[in-house]
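Letters A, B and C name the chains as they come in the text, with residue numbers starting at 1 for each one.
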Amino acid sequence: MYPGFLHLIDILGSFAFAVSGAFSAMQRKLDLFGTLIISFVTAIGGGTVRDLLVGNVPVSWLHNGNTLLVIFFSAIITMLFGSKLRQFNTALFVFDALGLGLFTIVGFEIGMQKGFSPAICIALGTISACFGGVLRDVLLNKVPLIFQKEIYALACVGGATIYYFLYRSALHGDLSRVICILLIFAIRIIAVRFKLSLPRVYLK
Amino acid sequence: MYPGFLHLIDILGSFAFAVSGAFSAMQRKLDLFGTLIISFVTAIGGGTVRDLLVGNVPVSWLHNGNTLLVIFFSAIITMLFGSKLRQFNTALFVFDALGLGLFTIVGFEIGMQKGFSPAICIALGTISACFGGVLRDVLLNKVPLIFQKEIYALACVGGATIYYFLYRSALHGDLSRVICILLIFAIRIIAVRFKLSLPRVYLK
Amino acid sequence: MYPGFLHLIDILGSFAFAVSGAFSAMQRKLDLFGTLIISFVTAIGGGTVRDLLVGNVPVSWLHNGNTLLVIFFSAIITMLFGSKLRQFNTALFVFDALGLGLFTIVGFEIGMQKGFSPAICIALGTISACFGGVLRDVLLNKVPLIFQKEIYALACVGGATIYYFLYRSALHGDLSRVICILLIFAIRIIAVRFKLSLPRVYLK
């Protein structure tokens, strides 16, 4: 369905998400099995929540052996070469940001195909991209990172909103997708580079 | 489907649930986005769990833009006027108790329409009303409040049980609904007024 | 569908899972209602997650009054006789291990009926058997035990893998099931007896 470069982003994104899950699990000193599960949950959790909400069952990863293999080997590699992999932080950040963009688009498009309103499609895109990390943090007994730090989910909301207008325009589908992915990517780079984050609103 | 006053309770209940979610999030010092998500999860989480369990997909809030707007503005208002809103604690408690009643009924009725046994329908009503708060607490990394304090879920179980008998009787539907909502409302008031709570059963 | 002894294992397994849930809840000093909920979640959570993932809705326990009754009375008994029940730790361990085996098979078979790949069926069996405990720990605000200690999920993976080969062989269905249950049972006994656990992979 998608051309090759989107498949590549899918693989790189799944890799980055799975590695981030394995890192978090290893910091919590989980065992081999626990680390594997957290890798999977981080990489496929967002798509799973989206599929369940819209009634896309069996959920997509049950039929998607290739992605599961990518995640499995990503987790194994992280467990074997964890300390070394951390030297490639920048690469992992890039893959994660690209994956964030692609997963947002996938969620958005599933919403459009099902005929939901634009706001719901944007929400579904954001859920697809972000809720794997939410489930990871819940399973590791932490308040989800994306509720507290950095601009992460907001990048998806922004990218999906722009994508909605591109989607409606006469622009070719893949071109729109690339623009959206690059936009989310750029927001992430800027947010991390300039340490931007959303304001917190306490109760006094 | 429902007359105006039930719609009004729906809006007031969603408002109270969203505000309670936003307050909890703000106490945890989440950022804007996190606070918004916790508001939504608190208000629609119970119905979402119920819809998923019975196979009511796409889950109802995906098609219910009005409720989402109410929740969105409730969260924004709470973030803007949090300290002032707390002066209206009594009003919020009243709205919450009314919402608890209505959401119990909605869950119960969906169960009956699907032909489940009365006990399951009572459970579905209770889940609809209470699991938003459970998800809120899980996401905020706390043991769910309703497992520990006050009579909250039990009010729903009691109200739904009475409603079952009213449902079977010749009584007019809306009258039954009002009685059930008032009953759950009364149990909540009495429980909080007299600081009633369920016994805890420790292991010695 | 199943002969009597598998029904018996189902009841004993549900009993053991519900008791383990009630014990965990009582250690956290939850109230009556919270303890009841944790019992249910522990006993039916795994099957619920599996049913949701494969689209088996309404999820099976909504139609399975007998299991719910077993769980309900298991929780009540644990609350009433908790300290005494702990003297039967060995019996509870045996029931839990038998239940683990049976629930793995049930999940595996549902996967095969739906036409999933063997690896997915093994995963579904493991999820059915283990995710009740995961949800229990998440609701009690702990990192899931099975991600950290002992060989638990791995017993299911091992048992389900063997079962796959038995399933394909000419062996009679019930005989295969018994072998698989006994195998998972044996792995659990050996793991606990010799304090075996999976290695943890930290980040230095």
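Note that in this section a contact is a pair of C-beta atoms (placed from the backbone, for glycine too) under 8 Å apart; a residue touches a chain by one contact, two chains touch by 3 or more.
Quick caveat: nothing in here was measured; it's all calculated off a predicted structure.
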Interface numbering overlap (same over half, different under half) for subunit A and subunit B: different
Between 0 and 180 degrees and rounded to the nearest 5, what angle rotates subunit A's CA atoms onto those of subunit C? 120
CA centroid of subunit A to CA centroid of subunit B, Å: 31
Multi-chain contacts only, two chains or more: what residues does subunit C have there? 52, 57, 138, 141
Subunit B - residues contacting subunit A, complex: 23, 25-35, 37-38, 48, 52, 57-59, 62-63, 65, 68, 79, 82-83, 86, 138-141
Tell me, which parts of subunit B touch subunit C in their complex? 52-55, 57, 114, 116-117, 119-120, 134, 138, 141-144, 146-149, 153-154, 197-204
